[in-house]
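Look at the two complexes coming up: subunit A is in both, with subunit B in one and subunit C in the other.
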Partner chain A sequence: MDTEPCDVAVCGAGPAGLAAAAVLGRAGLDVRLLDENPLPGGQLLRRSRKPTRGGLDPARRQGLRLAARSKGQNFYGKPLQRVIGIFADGEVLAVDAGHRLVRLRPRAAILATGARERYLPFAGWTLPGVMGAGAAQILVKAHGILPARRLVVAGAGPLLYAAAAETAAARGRVLAVLDQAGWREHWHLALALCRQPTKMLQGAAYLIRLQAAGCRVRCGWRVVRAEGRERAQRVVAVRSAPRGRPSNETMVFSADGLAIGWGLVPNLELAQQAGCRLVHDEHRGGWVVDTDAALQTSRPGIFAAGEVTGIGGGAKALVEGELAAFGVIDYLGSRLGGQVAARRRWLNHRRRRELSLGRALAAVTRVPPEALAGIPDDTVVCRCEDVTMGDIRRAVFSGADSLSALKKTLRLGMGICQGRTCGPVVLDLLALLTRQSPATLPPFGARAPIKPVTLGALAEGRSP
Partner chain B sequence: MNRHQRQNSPAQGASPRRATAPEPAPIIIRVNGRPVPALEGQSVLAALHAAGIRTLRRSDRHGEPRGALCAMGVCFECRVTINGQPGIQACMTEVEDGMDIRTDGY
Partner chain C sequence: MKRAPATADAVVIGCGVIGASVAFHLALAGLRPVVCERADLAAGSSGACDGLVFLQSKKPGLHLHLALESQRRLEALRAMVPLDYEYLRCGGLVAIGDEAEHEAMRRYVAAQRDSGLDVRLVNGPEARRLEPALSEAVIAAAYSPLDAQINPMRLTLALAAGARQRGARIMPRTAVTGFECQAGAICAVATTRGTIRTRTVVLATGADTPRLAALLGLDPPIRPRRGQLLVTAPQRQILRHCLISARYIAVKYDPALAARSGQSVSMEQTARGNLLLGSTREFAGYDRNTTVDGIQAIAAACTHIVPVLKQVQVIRAFAGLRPWTPDGLPLLGPVPAVPGLVLAAGHEGDGIALSAVTGALIAELIVNGRPRIDLNDFDPMRFSAPASAEAAANGVSP
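And now, the complex of A and B:
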């Protein structure tokens, strides 16, 4: 198979990728939008196949309009293309649904790989029935299936309320939303939301819906245990007392489903594999891709947009997608008109506003040290390799002080998910156990292929 | 069609003013040899979840039951054997009529 030349490869068809592709397409460039999902839209715009305009959220409405338009264009003609690497010569490799290799040689690339959920391990979190809040949302929104008969939602951040409210709207029984953050953190989020009335309204709508559905909403509570044989049957939560003092107030729920999540972490693997520099910023969700003002990464010709440059939500992703596209057009030597300069200024202004929301989100979803310190020794942390908290404590006691040391001694993060699930939380654990600053602890590295691929696809473009 | 799916049939919740897409076609998949109803366009994970199937595999080292965690292609906990090919992510694969799925892998 030959390498196909094109102008720009946009990796990820979420809000940032869609916004970028729309601008690049209008500029007459040959754009390829690559995404592993069957429909464009990413996680934010993931939706049922029936028509929807996106409700209250302006970012969702704009994103859905872009997604609808992208379908008519050739750049999203082939869904299910999973990018597995960007190489030194600029070649982009992807694998399609038929395990065939797709080879592109773009003149520039935009990384819009989005974010995933952060999970905090607790006893029983590997039981079937315990799932991400995003997973619960996907089941109920994209497929119209209830995540559980009796659901508890626990963790931190606004996504919990979205998952719970949408389940309740589909007439699912949601017993409780247990938010680890206290009222003080929520106060900061509320202040940030004052500048974004639609998000404020949406939050209020979620709370009203949950109230009407008889769901208990509790702040300052965290889940400590899921129990059951073969699948989750009970959920135990404790109240986090102020200033980390232990508390013996507990709640027990009889539930067959538990949806969890502690905010989001960026999907950095493609940027890391491509050799783009990362930077640590706790207000943007930890390690993020380092970019200049035009959103170009440390690797010339590779730009980044959306959650990979810092967790900030869909509106920030749409703004950055457009900004990165302008950056690419500049980089490729095309002329930008005078109106574009004004548009860029306005986008940069919007971007700063959305980044301040990101800061409030980071504060609400921060995992408190007592939650990390309280993970029992027999709790599995790395789900792929069954590495427990006790294994990690012993390895740290014997001198392991980095992710790569833990990897070498325990096989932690060497399983099929390549450290995506446990990596972010193990960084927090290491910082706590070894008293290091998180900014000095690099995340797991990433090499091609960044997601598993059959040897057949690599060897001859076909699986056996 | 089982109870879970009927509770949330696509017609429900849609505004009557809005144009509705054609109903997805019901199909049959086989899970560990048993027929299970599914809807066209559903992910394998959604079809299994609707049928009440939560355990999709056993953990590599200790053989503990595992089910889907992220449902968005990240965690690889939902991998099943599809038409004889092991290690396929149920959340990223769409159902096809007559698809043979096994949930007894590692």
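And now, the complex of A and C:
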């Protein structure tokens, strides 16, 4: 099968990808917007069953407008195209819903692959009934299914409140939101939100809804255990110890569902596989894609936008999508009429504002060392290969002091998810156990295919 | 950062499977070697290869003899190292796709039987009785019950751990930056963690050997040859044996058959249930990237032989650099021009299978002055002698 030439491949149809594709389309370029989901919009705009204009959040409103408009454009003709690699010669390889390969040879590419939730292992986290906060949200919003009869939401970050409030709005019973960050971190977040009144309002609306639904909201508490015979039946939380002081205050909830999440980590696999340089920045969520001011990565012609350049939310993604598109237009030597220079200045100004919000988010979702140190030896960390915390401690003790050494010793991250779930937390664990700076510990490498693909799809049309 | 010791009985450079095995056997003989590894253990080809201990793919004669000896040692070593390396003598099949291959394999199998290998040709139906997943495209096969498979990463770690238990010092992330010589003989190795005084240095650096040898003004004819492989998600048992295509042997030894198009294949199902499917053989410099072309070629060739694989999911592709030599045989032994220097490199795709015997023979060479098996065929200098220059030129050149 031959490769198909085009001008730009945009990988990911979330807010960043949609914003980029809209600008590139207006510039008259041949754009392909590729996404593995059935509908454009990414995680932020994952559609609720009821039609919505996006509520209070301006980013959601703008994103939904872009998504609606994109469906009429030729560049988003085919949903369910999963990008599995970008190769050294620039070829973009994807696989479609019918297990057929899509081979593109674009002149430039934008990586807008978004982020996923970060999970922290604790005793019982693999029990049925324990799920990601994002998964709970999808169940409620996209499928109209309540995640549990009695739900506890725990972890860190604003997504917890969204998941809890939406479950409550669907008349689900939410017993508590347990936020590991204390009031101090939240105060910084509130300060950053002062300049974004709509986000502040939305936060307040969530809290009012939770209050009205009788849900307890507790800051400075973290979940340490889920208990139950065949599924989660009880959730045990302890009060975080401020400044290292030990605490023995505990709370026990009789709950059959526990939604968890500790902020987001960028989906770096495609950028890594494409050979783009990464940089470690704890204010942007750890390892992120390194870019210049025009959002071009270390690989000429490959740009990055949205959560992959640093966790910062939907508004940052929209701004960066547009900026990356302008960068691509420059790179390809095309022209765009109108007030581009003024628009770029304004976008850069907005981007700085969103980055400061990202910093506050990073502080709220930082996992405290005692939460990592307290993971019991028999708790599974790598779920694909059944690697426990004890296995990791023993391997580190006998000299495995890098992710690749742990992988070779324990098969950690070699399973079907290729370390996407456990990778970020194992990096934190390794930094803690070996007293190394996280910036000196590279993440798991990524190779094509970055997501599973059948041999039949890869073999199609090729003689043996 | 931990400093290197000031002196060592021997310095082994490279902690792939060969370096780990040399260190293990030196330590077993009572020496205290130091292993300098630029990256992590098994970071090079030993961590990016298949796990076949395939006897049928070895050249009849001394090469096969070494492989048989190595396999015996791999079986015995299991009791001497603290880590299980998933050794399984599953038996192996060489899948034959057409009459030309069949004819070549008849000659090849006869020569192997003369060398003492338990191997026989079976027809298509019998091949499918042995291995029900094989397609009708397989018209015959060569079968040996002796072929085995292993987890190459675990083998490397096991040998390194065994060496450490017996007094070897293994230093990952320690790069060699130079050598010091006295009257032409090696007297010290300079590393990023300090200088180690020693009279014996073993280069077990695989495809990276030319770079280190260049520090001593040498240019052994080892070149990187890229091998790409695919890994599938774990499956219930699909394959009972490890399997290669006759093209694999053709590509190695028969230039006439190698010139025809098509991808040679190796397949195995690991202890965990993942299938490892390989492998390309390409000269692409030191580029370890995978390519669309390589991935598709492997997928097409493997699903042609085992059609049920079409539904199986690939979770990863990777590539390793095999240390290629002009005649397909490794460079084992001393380098007269630099007293104290011993080469143990250039195994191309045979490093895992020959690891145990290589380590044992190199250790015997260092401790006793001469190994139990004569290593003349593997003399590192065989390409620089005028008589063999022509032979080298006739080989595949990068």
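Convention: the second predicted complex is superposed on the first by the 455 of 464 C-alpha atoms of A that agree within 3 Å, B and C clash if a C-alpha of one lies under 4 Å from a C-alpha of the other, contacts with A are read in each partner's own complex, and residues count from 1 in each chain.
Note that in this section a contact is a pair of C-beta atoms (placed from the backbone, for glycine too) under 8 Å apart; a residue touches a chain by one contact, two chains touch by 3 or more.
The shown structure was predicted, so the numbers you read here are calculated from the model rather than taken from an experiment.
Student: Determine, for the superposed arrangement built on subunit A, whether subunit B and subunit C clash or fit.
Tutor: Fit.
Student: According to the stated criteria, A:116 is in contact with first (subunit B), second (subunit C), both, or neither; which is it?
Tutor: first
Student: On the superposed three-chain arrangement, identify whether subunit B or subunit C touches more subunit A residues.
Tutor: The partner that reaches more residues of subunit A in the superposed model: B.
Student: Applying the document's definition of touch, where does A:212 land relative to subunit B and subunit C: first, second, both, or neither?
Tutor: After superposition on chain A, A:212 lies in contact with neither partner.
Student: Return first, second, both or neither, reflecting whether A:194 touches subunit B, subunit C, both chains, or no partner chain.
Tutor: It touches nothing on subunit B or subunit C.
Student: Using the touch definition from the top, say if A:132 reaches subunit B (first), subunit C (second), both or neither.
Tutor: first
Student: So, A:416: does it touch subunit B (first), subunit C (second), both, or neither?
Tutor: both
Student: Which angle, as a multiple of 10 degrees, do subunit B and subunit C span at the CA centre of subunit A?
Tutor: An angle of 90 degrees, rounded.
Student: Applying the touch criterion given at the start, work out whether A:447 contacts subunit B, subunit C, both or neither, answering first, second, both or neither.
Tutor: second
Student: Once the shared chain is lined up, is A:293 touching subunit B (first), subunit C (second), both, or neither of them?
Tutor: neither
Student: Look across subunit B and subunit C in the superposition and give the shortest C-alpha distance you find, in Å.
Tutor: 7
Student: Can you list the residues of subunit A that meet both subunit B and subunit C?
Tutor: Touching subunit B and subunit C on subunit A: residues 385, 415-416, 452, 463.
Student: For subunit B, which residues count as touching subunit A in their complex?
Tutor: 4-5, 7-10, 12-14, 18-21, 24, 41-43, 45-46, 49-50, 54-56, 59-62, 64-77, 79, 85, 87, 91-92, 94
Student: Which stretch or stretches of subunit A touch subunit B in the complex?
Tutor: Residue positions touching the partner: 36-38, 43, 48-51, 116-117, 119, 126-132, 134-135, 138-140, 142-147, 169-171, 230-231, 267, 380, 383-386, 415-417, 420-421, 451-452, 463.
Student: Which stretch or stretches of subunit C touch subunit A in the complex?
Tutor: Touch list, subunit C to subunit A: 40-43, 47, 137, 153, 157, 172, 230, 232-234, 262-263, 272, 277, 287, 289-292, 295-297, 299-305, 309-318.
Student: Would you tell me which residues of subunit A are touching subunit C in their complex?
Tutor: 85, 87-89, 91, 93, 103, 275, 385, 399, 402, 404-405, 408-409, 411, 415-416, 418, 447-449, 452-456, 458-459, 462-464
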